[in-house]
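Structures incoming, each one as structure tokens.
Two complexes come next, and they have one chain in common, subunit A, joined by subunit B in the first and subunit C in the second.
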Partner chain A sequence: MAIQSIARDQRDSTDSSKPAARTSTPSSDELGRWRRRAGRVILYLLLAAGAAIMLFPFFWMVSSSLKTFQEVNLSPPTLFPADPQWSNYADAWTAPPSGFARYFLNSLLVAVVGTSLQLFTGLTAAYAFARMKFRFNNLLFVIVLATMMIPFEAKIVPNYVLIRQIPLTGGNDLLGAGGSGLYDTYAGMILPGVASAFAIFLLRQAFMAIPRDYWDAVRMDGASHWTFLWRVLIPMTMPAVLTVVLFGFLARWNELLWPLIATQSESIRPVQLGLMSFSGDEGSLYHLLMAATTLVAIPGIIFFLFVQRRFIEGLTAFGVKG
Partner chain B sequence: MAVDLSIRARRRRMERIWLPALYLAPTLVLLGLFDIYPIFLSAWISLWRWGIKAEEFIGFDNYTRIFEELGSKPGGAPGEVGQSLLVTAFYVLGTVPATIAIAFVIANMLNARVRFLAPLRTAYFIPYITSTVAAGLAFVWLLNPQVGVANATLKAFGLPAQQWLLDPEPVVPKLFSIAGIGWSDQLPAFLAGPSVALTCVMVFSIWNTLGFAVVIILAGLTTIDTQVKEAARMDGANSWQMATRITIPLVSPTLFFLLVVSTIRSFQSFNEIFVLTSGGGYGAGAGSPLDTTLTLPVLIFRHLYERPGSVGFAAALSMLLFVLLLGVTLLQFRFAERRVHYD
Partner chain C sequence: MTTKNSSRRNILPSIVLISSLLVTSCAAGSGSQAGSENAGATSAGIDETTLPEGVEIDFWHIQATIYGEAITEMVEEFNATNEWGIVVNESFKGSYQELNQAVRASLAGGGSPDVTMAYENDTLEYLANDVIVPLDPYLESEKYGVTEEEIDDMVDGVLARQRVDAYNGSTLSWPHGNSSMGMYYNADLFKKAGIEAPPADWDEFMEQARQMKEETGLPYVALGTGKNGIYYNIMRSKGTTPYDPEAGTTEFASPVSIEALELLAGLYEEELAYTAADTEQEFTNERTASEIGTTARTSTKIEQIGDRFDWTVALTPQESEEPVTQLFGGNHVILASDDSEQELAAWLFMRWFAGTDAQAIYAARTGYSPAVESALETELLTTNYEENPQKAAAFENVFVNAQIMPPTAAGNAIDDMVTGVVEEVVLGRLTPQEAADRMDAEATTLLASAPQN
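== the complex of A and B ==
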């Protein structure tokens, strides 16, 4: 009790001396500075420790990927590979039935085509919502936004049934019966995710921020909506457009559940599924599995490092993934 | 009816109807087909016994089956649906508050005008952008019971090795026995807590989504007027008072947003469980061990993908998930939003 009250007195006295700190004795000033510096050191230590924990799995993944089969199964494990086995990467690359190259190309195709379609449909829809006057504009926009509330998992089952019933595809007749529709095709993998309320919302907000004067000016020159959208609005809202591209691309590259449900041929499956089937086949060969995992993880991480500022800004502005 | 539209009226019609329709058509068709119609289709499928296609109309039998599998089996253990609801509840309650709390602390530390803010933020964010398959397999490897780092670390401290993702034992009795306290089997299952395997998945999930929460909270923190904080400090507020009276109320809209978004996402968790319990070649399949990581989405997947002929039941389960999510979100808006401070 006594000690506490003394301590409180001391704190009170230092507190009250604060405004006069410049004129008071230099020793108490130094003490404060020293304490602040110690606080900073602890802060940095905590943050660095946290960052180390966050990154450790990646370090371990890369480190394991460069070990030999014997070394990766050593107990206790070694922190760094004794003799980095770069050939593990070549082995992992060619190991799955059709090789990783095929999975990478599939993912690239799905990501590029899917993102392009998403961007195109998003741009035109956002333009209509932001710049055109028509009945039900607001109502339609609210309906589009409401689709964000429908959980993806609740759409998996009906969409699985639906893509099998698309008419005139995969041997289907006009009523969508008889064949397998878009099941097990690239189109079936891509189409359900194309229209994105998130992309439309983001682009609409960006378009609305551009003053009307620009439209009035080009209108005088007789330009159409189409010209205005492509020549004026898109160049002026490039950050928002790029954000849509980034999110679209990364979401497709990392996609797992929908391609798993919508396909069965390994030859069209994307890279995440390739990695899963590789882990089932060669699961005990952890040095190769970690090499394959690194190969799949690294492009995404490098891509992110280049664009992270824009990515984080987009995320904080709208706070939605995908 | 010979209507002679003047050029002007025709142009107006073009601008007010056909042009917007053209611009909106692709989006409305795709959203209607793959986002809105599926909810109705799902309700329809759920009334059928449905394999690859419709087989027999069975009315509400799939929903009755949900209730049957909700209750206990002869042995006293819950049925698959009951088990999946319990696991989902553990998962949501175990990941969402913890993620937001940890992220709040880290975001506040990062907000203290630290140097190297950008690289530190990136370090916390990288797990979030890495594919769940890659990050999950890295965790499977860390937690390998034979040669994983986790067990090597325990061994270094003289502690017994664990089975991690293969361990179906509930975590609370396990901790009690380590502390030397007994546990009665008479106690209800939910008190025993999640299995060790599910706890591992939850730790992964926190690790994986932490960066997202940090970035969102950090953005909220930077909008706080520094003068408000300065004034409070001048009035002699200590750091606890600063946190509870100033910072938390001012970022409460952000925290509320995070709560809603994270809860929805956590209810839908599939990928992390699929990868951690069936990836890496030693797990027994999604939902293992002994169904202790069987969330509702994993159960839907099981019926859709692994069990032929139960697409109708999977659709009924999807409807359950949809209704549950809608309910939880509405409840959050009702109760949490009242406590949120908007400026």
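== the complex of A and C ==
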């Protein structure tokens, strides 16, 4: 009896809770919506804060570029220039002996030609590694990957010797002696980077992700390897291709040490060396340096904005992060 | 049959890939290292050389900003006025480290410059590789050499560094234009704190530091992150050279070293000194009453401070009969070629660069002090020093007392080690005695392992 009573009480209590639950349903939904909205607001605030942190160096660069020599060295620093010095841009543009326009052209040439060559070698090598069967395929690929572990500094002297002693260039004889080879030329700046292990790796991974059925299909139509690569693989792996292009372009655009060593003439040097004319062992002209840096950063930023979406797809789709 | 054909076909990509690898790895070629074929050149032989018109030489340096502009101006001046029609092609090669990398590469692959800037450590390295031209035959040449008066005209410390003991009696370099370690002080703040003149010795330095803190609440001195310089300076001002590369011994564990470390520890403990990445900003923004740093920054300070406050530069405190401070900056050296005319042209450019007129231009355009005293008598520098009395003070008070540390191939490693250990002392992590013992042990090992010449 007692058990029945307890059971009834429990049932009653359960029943009595039902209407209450029904009445509370709209408010829980509201609460849930409110929580989702609050979560979104917090997320956006965090993202905005992150974006502000990321953008602050750019803001600082532009702000400093408009200050006077005295103001840029003030401590505590001023957030905005007291009297914007737009002439800093003109001064920075004309300060180096050849002018920054020349440096821009040089960098553009080196970056475009260098990246194109790197893309060509990357595509063909990656295709071979991904799609062709031959002896020591994996071993050679591992060796290619291993070259990524050699620091650039360790390759400076070998690279220098290589460009200097290339036969029949720059007055060199057949044995690579007697002249200056490709030293102090655009080709000398470009050549050492035309084969990139990273590009080969990324493109190979992308090519391997494409089902083999496509090859079988185009082969039925009598297509060659080249047609398959050009007509099928490249369009299908465009994010990876653009990633290689972007990395290649930015790497060349930002290159400093190699052009410094491989060139002597100021007139063929790239923008990064132009920036060095505002900073030395005995101090820096920060206001001009920041003005010149702003100008130099613009092409890279524009290029990134154009290929941004594909670039991110490329990084996430083929296993390369960070 | 099919398999065989397939194997043959597949050899091609292998060959192509192996070729690509060769390009990627960029194997070193057989470097055509320049040898000093003219190392045995004599003054008589040099006198007999007649320089043809238009010899071209390459000059690599590390100077950018106003220093780079001054170099360009000087090179243009030389190219336009030298009687032999020598043409100098100057090239900026980054920092000393990057310049050294470029020179090493050029020594391996050819195309090394005729004249390059170099510190003594680099010069010792080039000497060890037999790629440097001794300058004594050129100096002694009747036709192309320098006179006794010209030698005497050179600032003592600058001349001494061209023929240091490690060069075994040879002169291996010639001046570029240098700077030294000085003590910049804000005269207005000193006056406010009741301090009449910069400190004469380190005890007075400490007293003034306390007085400054008490009267103005400001720290007395800002020191850079590389503490080896100030530590060496204190030791040397007390008559002790921190180490002797030839004997392979150090004075790091000596009482003088302990005193120097105690002084530095005391300054930080009482918050009379602090470390700043850019001490110049601290000084020009009046956050410290003084700054110990290179006199090369005198010209930029003049521009930054304007007439906001009264300041000048003095020698750091001294406690021995012979005042001494750190001498900074590199020299010029000639790298050997197989062409005696190139080497002679290189020498003539170097000689001109270290001469009165060129040094006057360099000192007037930059914060460097001239290597020769006669430059002070030129109209250009006289006017410049009248307009900028701090630059004159940097020369008269500081630069004339500057001497380099004994050069050694282990110099950079010892500097880094000392900087790290002294930092531990000022942070209170090591006692001066512990630091002294550690520096002594580590520096002794480094000196023993350094290839000396």
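Keep this in mind: the second predicted complex is superposed on the first by the 218 of 322 C-alpha atoms of A that agree within 3 Å, B and C clash if a C-alpha of one lies under 4 Å from a C-alpha of the other, contacts with A are read in each partner's own complex, and residues count from 1 in each chain.
Operating definition for what follows: a residue touches a chain if its C-beta (ideal position, glycine included) is under 8 Å from a C-beta of that chain, and two chains touch if they have at least 3 such contacts.
Note that the structure is a prediction, hence the values are computed from the model and not measured.
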Inset, instruction - Mind working out whether A:176 is in touch with subunit B, subunit C, both or neither, as first, second, both or neither? - result: second
Inset, instruction - Look at A:57 in the shared chain and tell me whether it touches subunit B only, subunit C only, both, or neither; answer first, second, both or neither. - result: first
Inset, instruction - Mind working out whether A:132 is in touch with subunit B, subunit C, both or neither, as first, second, both or neither? - result: both
Inset, instruction - In the overlay, answer first, second, both or neither for which of subunit B and subunit C A:85 touches. - result: neither
Inset, instruction - Determine, under the contact definition given at the top, whether A:264 touches first (subunit B), second (subunit C), both, or neither. - result: second
Inset, instruction - Would you check which partner chain A:237 touches, where first means subunit B only, second means subunit C only, and both and neither mean what they say? - result: neither
Legend entry - subunit B versus subunit C as contact partner of A:164, first or second or both or neither: both
Inset, instruction - Identify the partner contact of A:69: answer first if only subunit B is touched, second if only subunit C is, both if each is, neither if none is. - result: second
Inset, instruction - For A:121, decide between first (touching subunit B), second (touching subunit C), both and neither. - result: both
Inset, instruction - Would you tell me the residues on subunit A in contact with subunit B in one complex that are also in contact with subunit C in the other? - result: 73-75, 121, 124-125, 128-129, 132-135, 140, 143-144, 147, 150, 153, 155-162, 164, 177, 192, 194-195, 197, 257, 260-261, 276, 279-284
Legend entry - Sites on subunit B touched by subunit A in the complex: 15-17, 19-24, 26-28, 30-31, 33-39, 41-42, 45, 50, 52-53, 106, 109-110, 112, 114, 120-127, 129-135, 137-142, 144, 146-147, 149, 152, 155-156, 207, 210-212, 215-216, 218-219, 236, 257-258, 261, 264-265, 267-268, 270-271, 274-275, 278-282, 297, 300-301, 304-305, 311, 314-315, 317-319, 321-322, 325-326, 329
Inset, instruction - Would you pull the subunit C residues touching subunit A in the complex into a rising list? - result: 7, 10-11, 13-14, 16-18, 20-21, 23-32, 58, 62-65, 67-68, 72, 89, 91-96, 98, 101-102, 104-106, 108-111, 179, 280-282, 284-285, 287, 294, 296-297, 300, 303-304, 306, 366-368
Legend entry - Contact footprint of subunit C on subunit A as seen in their complex: 69-70, 73-75, 97, 121, 124-125, 128-129, 132-136, 140, 143-144, 147, 150, 153, 155-165, 176-177, 180, 183, 192, 194-195, 197, 257, 260-261, 264-266, 273, 276-285
Legend entry - subunit B-touching residues of subunit A, taken from the complex the two chains share: 15, 43-44, 46-48, 50-51, 54-55, 57-58, 60-61, 64, 72-77, 120-122, 124-125, 127-129, 132-135, 137, 140, 143-144, 147, 149-162, 164, 177, 191-195, 197, 200, 225, 250, 253-254, 256-257, 260-261, 272, 275-276, 279-284, 286, 289-290, 293-294, 296-297, 300-301, 304-305, 308, 311-312, 315-316, 319-321
